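Shared between the two complexes below is chain A, which has chain B as its partner in the first and chain C in the second.
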Partner chain A sequence: MSRKLLLNNIHVEGIHTYDVYRKTGGYAAVEKALKSMSPDDVVEEVKKSGLRGRGGAGFPTGMKWSFIAKPEGVPRHLLCNADESEPGTFKDRYLMEKIPHLLIEGMILSSFALGCEQSYIYIRGEYMYVLRILEKAIAEAYQNGWLGKNIKGSGYNLDLSVSPGAGAYICGEETALIESLEGKRGNPRMKPPFPAIQGLWQRPTVVNNVETICAVVPIVNEGGDAYAQIGIGRSTGTKLISAGGNINKPGVYELELGVSVEEFIYGDQYCGGIKNGKKLKACVPGGSSVPILPHYLVCKTAEGNDRLMSYESLADGGFANGSMLGSGGFIIYDEDQCIVRNTWNFSRFYHHESCGQCSPCREGTGWMEKVLHRLEYGHGKMEDIDLLWDIQRKIEGNTICPLGDAAAWPVAAAIRHFREEFEWHVKEPNACTTRNYGLVKEKVFEKVNA
Partner chain B sequence: MENQNIENIQFPKELLDEVQRAVSSFPEGKQKSALIRTLHIAQAHFGYLSTPVMDYVARLLHIQPIEVYEVATFYSMYDTQPVGKVKLEVCRTGPCMIEGAEKIVSYIENKLGIKDGETTSDGIFTLKTVECLGACGYAPMLQAGEKFHEHLTEEKVDALIEQYRLKPVANYMGQE
Partner chain C sequence: MSEQIQKITVTIDGKTVEVDPGTTILNAARQIGGEVVPPAMCYYKPLKGSGGKCRTCLVEVSKGSEKDPRPMPKLVASCSTTVMDGMEVKNKSSERVVDARKGVVEFLLINHPLDCPVCDQAGECSLQDLAFEHGADTSRYEFKRREFDKIDIGEYIKLHMTRCILCYRCVYVANQLTPNREHGILKRGDAAEISTYIQNSLDNEFIGNVIDVCPVGALTDKTFRFRSRVWYTKPMDASCDCGKCGGKAVLWMIGNEIARVTARKDQYGEVEEFICNDCRFNKKDLKDWNVEGPRKISRHSVISTNHYEKVAPAHTPLLNKA
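Up next is the complex of A and B:
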């Protein structure tokens, strides 16, 4: 049975309230840190834990923290990235809605470690009701002396507040988030300078995902070494996976990194298998940006090893035969789903969400959407498939922020693994305009399943 | 909202306090950081962000009107044109699509006699398809005001349209 570190008390009645959270051991980590640890000790524990960013990029958190500049007399800021918008991902919402004090406790610990006295949670505007839950919890934390001046007599001061976005995927990118928190359009900044040197209001800033900050709580409680014992290899600890698509039990699961993908999809304690007894066609394991895996590469790697839920194993095979753990937005496609339609849908998303700053992304995402639309609706030509390939290649790596890459990767992977399905959309144009997925199954699936 | 001259536009006291709370969570001189929140409050109160409303927000925060316009037109949650009292925002992205979001959209279109982006003639409903709302495991879903309606079926859509027709909640305000 997989260990739980974040969701172990999630089903305790009233866990969203301060009293219950405190009774189940909440804020013990803050007590411990303020009493017996220095800020550097906390950073050290996080380094030892091997914790990696849970927002998608997987960058070691302790290392990120150690980059923050500490010029004399300049305030530093910790920002929590609660802009969760990667299609397929809904874990942070679950954490904040069900157990808001865990995030607040993590924010206190992380702010203490970084020497920040004013921290912010930037939450997507659509989660306004979650913002209200957080604000209520923050008020409780203030009332009980966990926030404000001289916290529990330690001499450490921290103010924490929540600020909403207003519907822009791009604001999940850290420099766009900073721009947005400054009250501007979410246009990503060129790096360098990195936020650790010049971030919010040109001050040294760290931006971490909700789940990353929550994970600091068990790390401080149990120690970095104990945390590093959990998981597999360089994928330490637990990860929340938001599972959706054609599965029996969609939802948020906390699992020890290293659980096999097969167990995760078919195991009763996780997704519980494919809905309606259908066959697995494809899987997007880490949010819409990561490469889609065809069924034969989901549970096994190209070499035939078991594929595991870990940063390394999901990336095994590179982009040719692998994917990424990403944000943990796990989407399952059954045999009836149309890959061309899904790719068009994702391209429309990226086109809609491109901030418009860089030409390759602003124009390229629109072109990809148009070309995919005509393929899906039966007006495509064979050259269109190569044209798509060409466009995505010219976006990747040529933009200020990773949104361009995120738009390019799903298109590239879909063509790489499902080229025949694209070709079939050209050869049988009338069939694909009907939105009849059954035909896709009949024509393509024999081949895919062979 | 009729007659939106800037002279007539004024937040009531409690909303001014809410803006003030947002402003005071940022350091002195960084009041522009409260802009996004203030625009949410303004949209909820005035129905949409008309130019006079945006000018009012600019004055409140001591920033230039253009700084408000560029933000209001960037973020997809803001309406710079009038909308219905209840915005039904149906998620159309991947995981919702494969669980039947398109059928839900056509069902609402037929039921209300409007297309995506349009408002019913009684001014109650606006239908809008939106990108991922972070409810992929509970698909298909829509957001009305702040409320998430998940695992949608035609029956559930009927019920919630009936409910909002009887009691149109203002956009943004009031979580049930």
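Up next is the complex of A and C:
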């Protein structure tokens, strides 16, 4: 079984309470940092660890932290992105609900490293009960002197609070999150200026995902080098995967980056195979925004290598034959699932969640949804497939924020790999409403000889 | 000691210009003028923060700068990207730009009612001009279009949300020119709408300017609605002694009657000086004004003389014959 750094104590009775968390070694990292490390030391350890953002983009966290501007006399802020709304992703909720003090400890360490005295956790509105859990944990941390003025006699002050969103996926985009936290409409900002220069209230700001911030705790405890030993290549450490769909054991798994996809899907300590003995049809490995992979590209890359759960291996093959680790929302489709329906479902989500600021996303997402609906219900035309291709192409890369791309990629990938299934929906308008297409034909790739 | 500002050089579609640092690509292009100027549907120079939304002004940066000549991977919004020394930009000379812009025009039109024949804005509508110059000749959209009820916002302004392209210009006017924020955007995505929330009226002294900044016929002047097609009215520069605004306006005449009053706009449709509601809605008598003379409308528009003839593409045989 692979090593656990975040979920190792998750099954300890009462771990959500301060006392139990503290007894199992909680807040030791804060003690260590405040006693024996400077803020720059913490940044240095995070750099050494190779930790990459767990919110989706995978940007190196240490590097992001070193970009933060430090003008004299201007406060800086750390914001924890707990807006988790990407379909297929539910790992941050699990962390916050089960082990809230881990996030608080990570927030203290990260705020200390960045020199922030006021930090916020921005949580999605639907997670109201999780917000209550966090608030209770924060109150405990204040009572025990881990938050507030002069923490444990170190002279370092930190206030931490939780703010709920109002139920908008777009508020997970970091600049929309900032707008929302400022009390405005959650429209993404134009970049530059980047948040590291002008973020919350025009002050230098860092936004990090819940899991990223939690990972700082083991990094400080064990050292950046030790963390970097875990994982594979530039994918260091462990990653939480939210596994869902047609598998025997859906849930949140922590794995060392580099586990093979095959082991993850079929291994007993992970997903435990496809449900009801069915065949694998497709996989979305990193949340609804990333390209879908057909069965023959899930466990192997186009070159025939084993595909691994890592940033690099999941992206192997680029857009043509690969996907992305994304936010770790791992969705498995068995042979009975309809790709057209799934694509329609995703596009319905993006249409609903577009903020509406820029024309390609505002208008294009709705248009794609309508065309996909028509195809799914057997009213489509052959030209619709090329039309969809053209619409997604005209959204991608032409919008203010990446939601436009996130809406375009799933459509592009579905057409790229499952065109014959889309065509079948046009040719068999009656059949497509009563049964499913089944597996697409395997594409044979020319082996690249090394 | 004042140091002279170092000018920087940028080349757009092969034409080079020297501009001040901090200038956007769009404004650099406007300094060159003519064909190299990208169309702008949401950017509006007098309104702080405007731009970046409509994406009609996308251009290709084929060389980032002298220092870092790498091209930019994505097309960028020229209205909100500042130039770097030695930058090379492609507007109409880039196929990617022409293609993406065609896409944007199509997106802007799929939910637009295309009711130009009954729209007061026709003839001075930026969307008409844009569609004519950069769009395709047919639509591939086959679904029901988004519709909203028309509402009166205040005594003088009609909001016909169905025509709105969500450029946010009127929101910036309300935020920047008027004391209270009464006007904004509700909902999101393609359900987003301009509203005053529960149809509060907009009655403060400068709100009439939302009509002038609106690129389409979504916000129109109720004192002028359906009076005349704009091209039958005669624009005259006029001024008055006004305590609230500069009093510099354009009177749109039908015979000796003032049909409507607007601010003066430049060739890009941008207001030179905002005017107050009094001048716009109440001074409809020639005695109120000191008429300076006919206004030359330099802004190029579908309706301006001979425009159709000059640019009619091959696919409009009727126009070409005429």
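Simple rule for what comes next: the second predicted complex is superposed on the first by the 433 of 450 C-alpha atoms of A that agree within 3 Å, B and C clash if a C-alpha of one lies under 4 Å from a C-alpha of the other, contacts with A are read in each partner's own complex, and residues count from 1 in each chain.
Here, a residue touches a chain if its C-beta (ideal position, glycine included) is under 8 Å from a C-beta of that chain, and two chains touch if they have at least 3 such contacts.
Please read all numbers here as calculations on a predicted model, not as lab measurements.
After overlaying the two complexes on the shared chain, residue contacts for A:E84 are found with chain B alone; chain C is out of touch.
In the superposed model, A:A168 makes contact with both chain B and chain C.
When the two structures are aligned on the shared chain, A:R185 is found in touch with chain B and with chain C.
By the touch criterion defined above, A:R124 lies against chain B but remains apart from chain C after alignment on the C-alpha atoms of chain A. In the superposition on chain A, A:T365 makes contact with chain C only, while chain B stays out of contact range.
Contact with chain B, but none with chain C, is seen for A:N342 once the two complexes are overlaid on the shared chain. For chain A, the partner touching the most residues, choosing from chain B and chain C, is B. Of the two partner chains placed around the shared chain by superposition, neither chain B nor chain C is touched by A:S327. Of the two partner chains placed by the overlay, only chain C lies in contact with A:S354; chain B stays clear of it.
Chain A residues in contact with chain B (one complex) as well as with chain C (other complex) are 168, 185, 352-353, 355. Within the complex, the chain A residues that touch chain C are 168, 170, 185, 190, 351-360, 362-367, 370, 387, 390, 393-394, 397-400.
Considering their complex, residues 75, 84-90, 92-93, 118, 120, 124-129, 132, 159, 161, 163-169, 180-186, 201, 242-246, 250-252, 284, 288, 329, 331, 333, 337, 341-342, 345-346, 349, 352-353, 355, 435 of chain A touch chain B.
On the chain C side of its complex with chain A, the touching residues are 51-56, 58, 73-75, 77, 80, 99-100, 103-104, 106-108, 110-111, 140-141, 143, 165-166, 168, 184-185, 187-192. Put simply, chain B touches chain A in their complex at residues 22, 25, 27, 30, 32-37, 39-40, 61, 63, 67, 70-71, 74-78, 92-95, 97-99, 102, 130-139, 143, 146-148, 172, 175.
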